[in-house]
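Chain lettering (A, B, C and D) follows the sequence in which the chains are written, and residue indices restart at 1 in each chain.
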Amino acid sequence: MNKMNLTLDEDAAAFREEVRAFLDAKLPPAMARAQRLTTTVFSEYELSHPWHEILARKGWAAPDWPVEHGGTGWDATRRYIFASEMERAATPYISPIGLHMVGPVLIKFGTAEQKKQFLPRILEAKDYWCQGFSEPGAGSDLASLKLRAVRQGDDYVLNGSKIWTTHAHVANWMIALVRTSDGPKPQAGISCLLVPMTAAGVQVRPIRTIGGDHEVNEVFFEDTRVPVENLVAAEGQGWAIAKYLLEFERGSVMAAASLRRSLNELLDRALAIDIDDPDIEYSLSRLGIDIDTLEMMELTMLSSLSRGEAPGAESSILKLRVSQLQQQVTEMALQLAGESALRWETHRAFHEICSTPDEDANKPALSRYLNTRANTIFGGSSEIQRTIIAKQLLKL
Amino acid sequence: MNKMNLTLDEDAAAFREEVRAFLDAKLPPAMARAQRLTTTVFSEYELSHPWHEILARKGWAAPDWPVEHGGTGWDATRRYIFASEMERAATPYISPIGLHMVGPVLIKFGTAEQKKQFLPRILEAKDYWCQGFSEPGAGSDLASLKLRAVRQGDDYVLNGSKIWTTHAHVANWMIALVRTSDGPKPQAGISCLLVPMTAAGVQVRPIRTIGGDHEVNEVFFEDTRVPVENLVAAEGQGWAIAKYLLEFERGSVMAAASLRRSLNELLDRALAIDIDDPDIEYSLSRLGIDIDTLEMMELTMLSSLSRGEAPGAESSILKLRVSQLQQQVTEMALQLAGESALRWETHRAFHEICSTPDEDANKPALSRYLNTRANTIFGGSSEIQRTIIAKQLLKL
Amino acid sequence: MDLLPAEEQLLLKESARRFLAEQYPKFREAPAARPGFSPAAWAGFADMGWLALALPESVGGFGGKMEDVVLISEQFGAALVVEPYLPVIISAQLIAKLGDDEQHAILDAVLAGTHLLALAVGETPRRAALEGIATRAAHSQGTWVLNGAKTAVRGGGLADTLLVLARLDGMGGFGLFMIDPDAPGVTRRAWQGADGADFADMEFRNVTMPPSALLGARRDILPHVEAALDRTAIALCADAVGAMKVLLAATVEYAKTRVQFGKPIGSFQALTHRMADMAVKQAEAEAILLLGALKAEAPSHERVRAVSAARVKIAECARFIGQQAVQLHGGMGVTEELPVGAYFKRLTVFELVLGDINFHLRRYAWVGRTGVLREGLLSVPEMRPEYAL
Amino acid sequence: MDLLPAEEQLLLKESARRFLAEQYPKFREAPAARPGFSPAAWAGFADMGWLALALPESVGGFGGKMEDVVLISEQFGAALVVEPYLPVIISAQLIAKLGDDEQHAILDAVLAGTHLLALAVGETPRRAALEGIATRAAHSQGTWVLNGAKTAVRGGGLADTLLVLARLDGMGGFGLFMIDPDAPGVTRRAWQGADGADFADMEFRNVTMPPSALLGARRDILPHVEAALDRTAIALCADAVGAMKVLLAATVEYAKTRVQFGKPIGSFQALTHRMADMAVKQAEAEAILLLGALKAEAPSHERVRAVSAARVKIAECARFIGQQAVQLHGGMGVTEELPVGAYFKRLTVFELVLGDINFHLRRYAWVGRTGVLREGLLSVPEMRPEYAL
């Protein structure tokens, strides 16, 4: 066999069959439908929690953790196959904060005590974490964060606020970046704390998204006391931890499978409604080609990861394209829905108020289109990604 | 009649008929065809010169000059109608340098002697002017120009070079911006000189355009002597003169009529070749709508001009859109031509080597597409226009 | 030829702007008995003369033109007005044009602001050829019997009288029927659009109507309805232009004050140039809106060219300006915390109604085949309004 | 699954890059006896083994795959090579695949670099269904008689033997004929494309050919020709990717050194972000090129999906990168003074040949109807090459 190829080897092919069989058997169709009708980035807790438990029972909840902490020991290709198959089957999204952020951070930086206390509960879906990085004045510019944590005896006392905190209203823990000191280099005064959301002085204010969903929040801290044992690594290490997470996340934006599922839904839809508009076919083909291209970029990155190479500005290219394509998919769905998407629904979840294939396709279309505008803003805006690409790749 | 309207009043309508009748009678069809097959911005001298003479005989060569110097006395609406009808009929373009730059500059800044010497010869097509503003190091940033003019007795002695000088190879005069002194404010050292192209030490190097045409040149000056009488206004007034020209040119980018003629040619072409591609119809409609929009912007500006209001950033919006649409028209022509446009022709003018409607449409398509890339660069690049719009209109 | 607004138009626009800025937020804050409708606001609209503006003098109107409606509509977009102004006045225009004296009687209450109308035409999720209408009325023993369904009728949930387009069974042609939405056999499900405006779906099952329910002669009704849809479309274009102007201004303002990396984001060139492109789109939208307004009552080919051109161009501008306004507002742009969200939704609704971009591109191309696109806009037309007011 | 090039592919690429960088400019500077062809360059290509690269070992080739041709072609684009490499090797592949031993004999001279081939298929200014071919061959008393015309045949002016696709008169089906372009009845008009490459239009009037001119069985010839066009298309995609890489690099370099308003223009954010977008397009072009290369010999649906996807995406990237490279070079970009002009022309030619973007969009949609688009790319295929080498 030629070295360059798109063919799964026998073992990997068998693994894919195993994953498919598992999903066939264990993913309830109603759960997949509910996920298809979700308009938010995260799945609602009611949807993701039971799925997390199913995965945990199978031992597949944390593929990227080391085996000793409950990981699966899969190589990069298997992890990619697993993630892609879940997208293909429309499983609920499990919140990444616990499994993909807190877990890796504690495994790398945490004390033995912290690992023991938190890792199993994350794995088994007993705790639900949120992430407190952004602040009202610090969006793309994280170094300027202000939430103050002052050491008083065995506690840090927190005052300030976080914003865009996904699912703060259901989480019982937050991993937060806080300012423990000032100085000429703002990055040096940032620390990482594990904050119980049940602590006194924590207040959660819902921020309704443009699509009408309650997914994110502003979180206020007023004299909130957090024990010093909840500090991760040393004071001032917050910036290093944030950078580690960023590195860790690099190459994890793999979305071709999810986009292809959306495209297939659009193709089905276009067939079902039989619009007299030749432009629709051109647009769907363009989208298909864009997704083929994205998948090739992902698989190339996967090939690099498999050889142990660290991705660079390629991650920014992927982030940029994925967010753009996610927006295009929702635009197309809206175009296909036409006036059927006009109606403003306040009830969530959508799967509870839709009862026909038409409604499944049309009712969530508008909220999804609106919410997806956020994809080019959060997680490093497209403008930030372009700056990274120009600097790192073009040396401009 | 309601105040807001798109209807020509009776006099203006009659004037339009008069212009149409004149063009019907006096514009040779071969001349119009030659113009349609031109791939350059200016028409070749051999094409424009006879047409200039025809207009001069009619007394219509310089509509925007004052009547006492040979202007027509038309109001803004008539000048617009006249220009539009010429576009519609595909008359050759008369080089604007003499009539629209040197004329107005001399009328405003020139001595009585200069006016007497130059204006009638411009009007009657006896002199042919080129313009020397840009230099290799000074493109968008005109203030940094370097061509040095040192006073020696009754002459200025010129050393340096100009670039992008359209038709320097046929012109007998150049209106040039030169540096007569250095200083902290570079603008203050710029003067305006009238330079005979026949003077010793003037050398013209052709610059072949990307489309294969010889339209622009680099012009070198080596100890070229120009009498001080050829200075326009005082030393150091060059920047003010350039700004006056810019003001004067504002609102003169009126291109809807020419674009509509091109669109009509595309519509004819699409009908003639009967391509099986529904996208073509969408694209042509989009182009039609863009041109309708442009025409409305032009007519709105004309309404303002008619009331004596000075255009502002609107000129930049027009420049931006006109150049983009000119490029789109050529892209569309190229798409319609397909492989018929592949062949590289070195012979100019095209009307001499085309002999069928197919050839008329296909042979010049590629050169025109390539050359038109310049439209978003010259005369203030699109980037410069965006900066002007942001600054002047949005106060950013 | 003059495209600058006349003094009285500037006055109309300024009085609308001021009234809506000063009064409308109060009306919206008061608890509404019916979603999408403030009686106080509506009474204000009547007092301002806006209900009478575009009706002929013969029925008590002021005889104004669509240009005036366009001016008002632009201010409605800027102020996010949700009341069903357009359905009421466009329906009233149809009654004035096509009705007899008896049928005109209803207009007094409409002008007084105590009676609402809606025009029920569409039956599919997108604008289509009217010839495809399936709702049908049968003539039987001196009465009409109506069967069928209509979707997404703007103002349909609030209307006291509906104008329903139906195929005339067994006799060819179509008719517009004036119907009481509470009549037996009518089912009406009202809902709110993403812009907060009232819409309704409705069904008709053996609804019996007297002969007087039929408006005007039946054979040439479709061109009148098509013209009414175009008048609605151009007024909605104006609404969108009003909304996008507010959005661009808000975005520029936000960019001047929002600081990231130690500088206002409005000083980053990439964003500055983006906003310049938004300004270009706004200028284009305003220009083509004016064409649509001036041609809203022109002969049908000219009207279709202008209205469909406006609809395409303004929808594209609305999408660009809306999406970029959200993007430049960053996180706050994708919430309901700032007005930017509401304006973006309004522009999105605008894109979805009365035919999408491709529908209007095809329509523009169709009229192009008549040759009407080949000439410039500055013509010497004899006004031959066929289906205008 | 592995998408990183193997060691020997990197070597092939690097040796091609070095040979072309060091040798090719000299070849081009030497006065050419025939436009678009340097005998010395061609001899070099033969020496490098590139002519044999993708031919089966049975006829003296190295048995390489299209991936290798793609690697070479990318370097040809980067070095602006004009010689008719693709027409020769793609035609040779067809002869190797379809010919008998007697017909294979010609390949020795081809491999030696002393005999050139060209594939004459198209008859209209754009790629169309092969079923529409009008050139026809009639069987008459033991010989074939050919009548018809072909346009824009790449390498057609240089070819020593032409492969001409023709309809078989009166018997259904199509045939590929090996023809001497100097035979009586053949008129050939050679010309140069905007990229400097050789093309020709040709006419056939009662050209008589022996039975041995017909290549292979006649009934299933079209799929082989279609596959050959696709192999050409993907190699041209590689050529375009090579050209766009040079263009982007040159633009970035220019932006770092060209000073305006006291700063290098590469420090203006709007331009920086534009170049970032160019880099994204380049990455996309490279990614989809790889798909096309890997699927160039796959079963036809998979091949069509991959090749048409590559053609669409790379044409769009080529246009964006080409136009922006010119724009960012300012005035110098629109002249023949800098190489940017030649690269832009090459990309423009690429867009025009072998089917435009819309043609390939329709082809992609067509194959989509077979369901092949609905699955991801990472498959467990059994290789069933139908019309491959």
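By our rule, a residue touches a chain if its C-beta (ideal position, glycine included) is under 8 Å from a C-beta of that chain, and two chains touch if they have at least 3 such contacts.
The chain list, named the UniProt way, goes like this: A, B, C, D = Acyl-CoA dehydrogenase.
Predicted model, so just to flag it, every value in this text is computed and none were measured.
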{"item": "Between A-C and A-D, the pair with more C-beta contacts", "value": "A-D"}
{"item": "Distance-maximising chain from chain C (Acyl-CoA dehydrogenase) - centres being C-alpha averages", "value": "D"}
{"item": "Separation of chain B (Acyl-CoA dehydrogenase) from chain C (Acyl-CoA dehydrogenase), taking each centre as the mean of its C-alpha atoms, in whole Å", "value": "42"}
{"item": "Separation of mean Cα positions, chain D (Acyl-CoA dehydrogenase) and chain B (Acyl-CoA dehydrogenase) [Å, integer]", "value": "40"}
{"item": "Chain D (Acyl-CoA dehydrogenase): positions in contact with at least two other chains", "value": "268-270, 272-273, 358, 361-362"}
{"item": "Numbers and ranges of chain B (Acyl-CoA dehydrogenase) residues touching at least 2 other chains", "value": "279, 282, 383, 386"}
{"item": "In the complex, chain A (Acyl-CoA dehydrogenase) residues that touch chain D (Acyl-CoA dehydrogenase)", "value": "2-9, 12-13, 16, 77, 81, 84, 88, 256-257, 260, 263-264, 267, 281-282, 284-286, 288-290, 292-297, 299-300, 302-304, 306-307, 313-314, 317, 320-321, 383, 385-387, 389-390, 393-396"}
{"item": "Sites on chain D (Acyl-CoA dehydrogenase) touched by chain A (Acyl-CoA dehydrogenase) in the complex", "value": "1-6, 9, 65, 67, 252, 255-256, 266-267, 269, 272-273, 275-277, 279-280, 283-284, 287-288, 290-291, 294-295, 305-306, 309, 312-313, 358, 361-362, 364-365, 368, 373-374, 376-381"}
{"item": "Chain C (Acyl-CoA dehydrogenase) residues within the chain A (Acyl-CoA dehydrogenase) interface of the complex", "value": "122, 124-126, 151-152, 191-194, 196, 199, 259-261, 268, 270-271, 323, 326-327, 330-331, 333-337, 341, 344-345, 348-349, 352-353, 356, 358-359, 361-362"}
{"item": "Touching residues (chain side chain D (Acyl-CoA dehydrogenase), partner chain C (Acyl-CoA dehydrogenase)) in the complex", "value": "268-270, 272-273"}
{"item": "Residue ranges of chain B (Acyl-CoA dehydrogenase) touching chain A (Acyl-CoA dehydrogenase) (in the complex, touch as defined)", "value": "278-279, 282"}
